[in-house]
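Each of the next two complexes has subunit A plus one more chain, namely subunit B in the first and subunit C in the second.
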Partner chain A sequence: MRLVRSLVVVAGLGLTALSLAAVPALAQKRGGTLVQITQPEPPTLGSYVSTANPVGQVASKIYDGLLEYDFDLKPLPSLAESWTVAEDGKTVTFKLRSGVKFHDGKPFTSADVQFTFMEVLKKVHPRGINTFAEVTAVETPDPQTAIFRLNRPAPYMMAALSGYESPILPKHVFSQGDIRTHQNANSPVGTGPFKFVEWRRGEFVRLDRNADYWKPGLPYLDRIVVRFIGDTGTRAAALEKGEAHIAGFGAVPYNDVKKLEKLPNIQIVTRGYEMLSPVVELMFNTKKAPFDNVKVRQAISYAIDRKFVIDNIWFGFGKPTNGPISSNFAPTGLYSADVTNYNVPDGVERANKLLDEAGFPRKADGIRFEITHDITPYGEEWRRFGEYTQQALARIGIKANLRYEDVATWLKRIYTDYDYDMSSNHLFNLADPVLGVHRAFHSRFIRPGTVFVNGVRWSTPHTDQLMDQATIEPDAKKRAALYAEVQKIVVDQAPLAWTHEISFATVLDKRYRDVIVSPLGLFSSFDRAWRE
Partner chain B sequence: MTSSFWIRFLGNPRVLLGLIWLALVVIGALAAPLIAPLDPFAISGKPFVRPMDGFLFGTDSLGRSVWSGLVHGARTTLLIAIIATLAAVAFGGLLGALSGFYGGRTDNLLMRITEFFQTIPSFIFAILLVAVLSPSATSVVVAIATVSWPPIARIVRAEVMSLRSREFIQAAVTLGERDFVILFRQILPNALSPLIVTGSLLVATAILTESALSFLGLGAPNFMSWGFMIGAGRSFLRDAWWLVAIPGIAILLTVLSINLVGEGLNDALNPRLRTP
Partner chain C sequence: MRGLRLIRFIMTRLLQAIPVVLGVVVLNFLLLQLAPGDAATVLAGEAGGAPPEYVEQLRARFGLDKPVLVQLGLYLKNILLLDLGFSFRNNAPVLGLILDRLWPTLLLMGATLLVSVGGGVMLGVIAALGVRTWRDHLISVAAVIAYATPLFWIGLMLILVFSIRLDWFPTSGMEDVVAFHEGWARVVDIAHHLVLPTITLSLFYLALYTRLMRATVLEQRGAEYATTARAKGLTERAITLRHVLRNALLPVITMAGVQVGALLGGSVVVETVFAWPGLGQLAYQSLFARDFNLLLGIFFLSACLVVIVNIIVDVVYVLLDPRIRVGGKT
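Take a look at the complex of A and B:
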């Protein structure tokens, strides 16, 4: 098969999609205010410097990206009408939409794209530094064309061009002064469907309809108010009464979500997190006995009853798993189910057998060895998960003492000092395994002091090589095959025990339609959302 | 203590009620492994089983027995409260005694230190200490003792100061007794009654502090305690009332009992209330 990966999306295709969206179906109405609950209050609205969750929930309504995505994670046109990836994968040409204006009335051009990627995202965006590392230049032959020159192919880059991940900034506003501390961070100017109006600290951010939005007839809503309510119970009550209309991530605890679900005016949506895909993992300190023994790690993987954990700790909002890549990647072929299945009914027996073989027989008191398990200090369910893990380990003869510390101390212990036996965490897969999965077990990510990376300090030259190949492999099938092999090896070697995918739940007022229409969920622009 | 003390003390019906409940709690705590053989953290049944449905007090969100948690929690709560109180009484008592006995500069210095501790809001200070020391049984004891000793020091100081000028102490001084002997043989035994009353009430405060710390998730992570049970159950208040109500009632009754007994002690020991 010839390696022709020259993808041309005809400009007309994008326009067709657009005009379809723009023709209002009978029921769709203009007007209305959507009240969104975001928890906690964002520290800034500069989504180009902070990837903190609440920042993205607000800024994604203000900034557009070059692309949007459908639920299969396939790119759709946005500010870029069409794009072409050269055969060698080292040149990507974007044809930009004309007639797009920023909220201050100035036109959007290729210079803004160049500025955004070269001067901002590549330099100060926490993930952009990695994602766009291969981008050496953005050329602007004319105002409607931006050509990305890459050192090596970076197919994963195409998954990171949404308005949430890579917001396009106006050069004329942000090029003056230090971008890290820019005054316009908190009075943002973008091309998105909603304009920033006011941020009353501790209370709300008000965003009003952008009448000049480039998608004709959109957005439908007049206003979005993002409210900040500190108390969990009050948040649930506001949704129950219809004073607030949408809340996602952990803003409402799972047991309250269950209660709200029964109300006639509320629906629970679990879609819209496909580009995040958090996977829960038990971490083993693989440089330390007894976790340097693969059989011990496998035994513990077998000992966790995934169904119990999901049903009783995450109240059903989860999906059992064995490997690092979320099943949300199934449509792209990157997810593989062909791995060791640790989620078996006789898991405890298998675990006991493995520990016997590993040379840790039960002593007179029934205990094989004693360890310390560090509870993830993220709140209730993580505490219960720690307590459950202690009990699961007790069943296979491992005595685990629990330790509970504040987030900063815990992060330092796990990712800087490596002074731990076992802990748990969850990493977001993000838009591509290169962005969200490699960091957990690639040797390049054994970096003391950097959090949410390879804290288990496990790697092999072989898996490193497979991941490096997959990083630059432009052919989707070959890429999938490389990841299938990576998954098979790491699941068997179990440097981490992946237990389940968390399904976040969005609580949504039923009067609002077409709110969650992309894999980015609350991180999308809500341009098509409307009120009955 | 004379027999008239015991009559006045035990003749008080409120004291008797308090003592009966405290006796039950102490017996429960001592006999915990016998009357609730399950590890309180063990997942021993289905989650959210209602009370009296196979489990005396039902189960929590993970299927852990609430009864087991209650009696093992009594152990933790009592043990931590008593040890912390003893530490506070020993430290505060010593400081207060030295301060009251020597007076002058020593008194000035020690009382300024005491006031320094008294000005910090005690619960916030306890949270801070536990957070800094990282939660464990020892750090909870240290935190409670650290925030509890100042009142003891002040009471002991006042008692010692008033006794210091009595004739029998002056006699002892004249006889050439050493300071140490005077303080511990002559003065402290006479200052004991207010110390006992304050100390007993301090246990109640210590129980509340320990429960509040555990409620916030800052308790000793490997020990079941009443505050922890309430903290873990509070999100389910509307679906599973017993998770919060049962340990809550246990804390209420225990603290109330200690207060009743403490007040009874005060009444019985207070010479002004004695009938001639």
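Take a look at the complex of A and C:
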């Protein structure tokens, strides 16, 4: 006989947040248009079928989620007013907000939740297929209640319920026809603070204020226009001139960010990426000599001067690291600093010693061996990072030849053909290690043809097992302990060399306030943003 | 009689164009197969990764799991039915995507042709009339500089000077997205946005036509008919404007015909710098996304346009020079 102890999360927390927003500390004003630059143009606005970054930047203004999150990654009420997780972690009950309407005027009910998770996210969402794999049914005893039944506990699921990650769709619109090619993908209907008006391809998406938004008095802005400008120089010029007001995620390269920062009308914000947490890694083809040798991998990790990389390539926007889990998870306890530290002053000496021990002595010309390093094809800083890596490797007697290809070719080489020696990449940690970290070194993710997973093809039964346990462990402390051990092992074994956490820089016009107010930053709804 | 022959000529040329266009389609299709990676990989890559089930789902939906020849056959069949297919990446029919971009492209192309051909002919004549004077030298040097300067650099410099420093023109885009003007105000707004991209794109061709026009005018003025006119006692000015100009225009028209083809794809740089929503950018993006349906659609349309423009150029020849006959000897 098991008593179901319910972890009741009272809506109070969220209500405080809401009322705080409503208190006119800095007399918010209604009105104004915010012009956001998103790069590149999204291929679709269907954030339920595509998790591409630009899609989220637009769709998150249109769709709400069951939950929102604060900067400590704690959940707050949104379309769900409150929720309870059963003690065994296999039942989650959401109390839904009443009186919420979709943009077409139809009411939001538990049927929409049932449809969204069971028929859409579980089936066609690139990450949802994994995230909601344990959800077997969503029951709807009444229009204001949705009960999630799970096969096994899935604590990470609670971190993936934002309007960006799991947008709630209107069943009456999306249940007709094939969801994958649904015509409403590009004329979305949600419950969010802004309504879709028009998408002129190659130019802009126009979103107008939703006057019937369920948060009283919000949003403040009349309109958001998302513009697409292909050239980096022009993007900076538009921001400088005040034609556009916000741009984030590398849309403005760091050297331009530094220039814009000096202008009186512009501020640079680095908050608002806490639920994404990209960590830069050097990838080794661990099935191939000499990278099958752990000492070679460790040596290369020692050879990278993290501070130099951050200061000179990422213009100071970053933080040195050694492990796969971002320090943004420190508040939740999942981040552990108790790992091998490769970021030491005598790194080069240690690296040389390790390579000697590994059986790769320097030859007469000072070279130990020669490899090809594939540069990540994502723009300027990645090219420079590749060039830096070449120099760092030269210092420890490894001759690296650089190769630069376009994105599709590079993805195929690294994640399908495994035809490489070394490369680099950055994986987003996302809202939970299960969603963003496991994929890099769990055996389940050695899957040719699937990108951004275990392209180094390294795994051990022990680390697999630890991660599997952590996946279903509902107790936060025990979970943290499991991840601490995982981090210790993988950092020591170095199938990847994690070098630094990237801080993206958002360029923001100073006339606009309360724009970045959540760990999802540009992926949040901007309902509280206002113009002076 | 001449009108009838002209119509027959146009019809024949159109019929001849069909195998040409189909050949272009097949060639493009096969060439694109050489690019490594496919649309499913890129989509998954942009999404920051996706489970293999999802990627397989995508491939099956895009028809990428079928053999290449089957894919080609299906594509040709659809093209013959004038069905350009569906862009899975954009989740929209190809035809609609292209048509949306067509009028901004034609607008920029038309404005550019007007400025470059008009300006080039004028400057070329002025230079030729005053050959080896300061006017000629000034125009010739300016033309060489404009010819040699990279487009993107000109574009960015124009933005820097005329948009940021002087605040005369907007930096980019096709219209003001804060105001959203309507009616005539919108026309003015679009024209305002059109100025900088047109100047940037025109400069190169302007230089080209200036040099071409100058050279042919000089050449024609030495021709026997010009000597005859001179003997009749006509002024140099009248000879140039009445007789030489018409003959000198022929090479420029030929070049302009070629330029139209180049403008369709070659304006990628200017479209990107000024965020102009044209076909060039669309083609560029779809190549990197391996969105081949869309890319092939653009190629198909471009091929059709080039064929049509060539026919128009031939007809213009006839109108300019009565000695030229259409349809060969009959």
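In the analysis below, the second predicted complex is superposed on the first by the 512 of 532 C-alpha atoms of A that agree within 3 Å, B and C clash if a C-alpha of one lies under 4 Å from a C-alpha of the other, contacts with A are read in each partner's own complex, and residues count from 1 in each chain.
The rule is short, and it goes like this: a residue touches a chain if its C-beta (ideal position, glycine included) is under 8 Å from a C-beta of that chain, and two chains touch if they have at least 3 such contacts.
What you are looking at is a predicted structure, and each value in this text was computed from that prediction instead of being measured.
Engineer: After the superposition on A, what does A:Pro216 contact: first (subunit B), second (subunit C), both or neither?
Structural biologist: neither
Engineer: Quick one: classify A:Glu243 as touching subunit B (first), subunit C (second), both or neither.
Structural biologist: second
Engineer: Quick one: classify A:Asn312 as touching subunit B (first), subunit C (second), both or neither.
Structural biologist: After superposing on A, A:Asn312 lies in contact with subunit B but is clear of subunit C.
Engineer: Comparing subunit B against subunit C, which has contacts with more of the residues in subunit A?
Structural biologist: C
Engineer: In the overlaid three-chain picture, which partner chain does A:Pro40 touch, first (subunit B) or second (subunit C), both, or neither?
Structural biologist: In the superposed model, A:Pro40 contacts subunit C only, not subunit B.
Engineer: Which partner chains sit in contact with A:Gly449 here, subunit B, subunit C, both or neither? Use first/second/both/neither.
Structural biologist: Only subunit C is touched by A:Gly449; subunit B is not.
Engineer: Can A:Glu387 be said to touch subunit B (first), subunit C (second), both, or neither?
Structural biologist: first
Engineer: Determine, under the contact definition given at the top, whether A:Asp406 touches first (subunit B), second (subunit C), both, or neither.
Structural biologist: In the superposition, A:Asp406 contacts both subunit B and subunit C.
Engineer: Could you look at A:Arg180 and tell me whether it touches subunit B, subunit C, both or neither (first, second, both, neither)?
Structural biologist: A:Arg180 contacts subunit C only, not subunit B.
Engineer: By the touch definition above, which subunit A residues appear in both interfaces, subunit B in one complex and subunit C in the other?
Structural biologist: Correct list for subunit A: 406, 409.
Engineer: What residues of subunit C sit close enough to touch subunit A in their complex?
Structural biologist: Touching subunit A: residues 35-38, 41-57, 61, 86, 88-92, 97, 100-101, 104, 152, 155-156, 159-160, 163-164, 167, 170-174, 177-178, 180, 271-278, 281-282, 285, 288-290 of subunit C.
Engineer: Report the residues of subunit A in contact with subunit B in the complex, numbered from low to high.
Structural biologist: Going through subunit A, the ones touching subunit B are 253, 255-256, 259, 308, 312-313, 375, 380, 383-384, 387-388, 390-391, 394, 401-406, 409.
Engineer: Looking at the complex, which residues from subunit A come into contact with subunit C?
Structural biologist: Answer in residue numbers: 33, 35, 40-41, 43-44, 46, 50-53, 124, 126-127, 129-130, 180-181, 185-186, 200-204, 206, 225, 227-231, 233-234, 237-238, 240-241, 243, 406-409, 411-413, 415-416, 427-428, 439, 447, 449-453.
Engineer: Name, in rising order, each residue of subunit B that touches subunit A in their complex.
Structural biologist: 39, 41-43, 47, 61-63, 131, 134-135, 217-218, 221-222, 232, 235-236, 238-239
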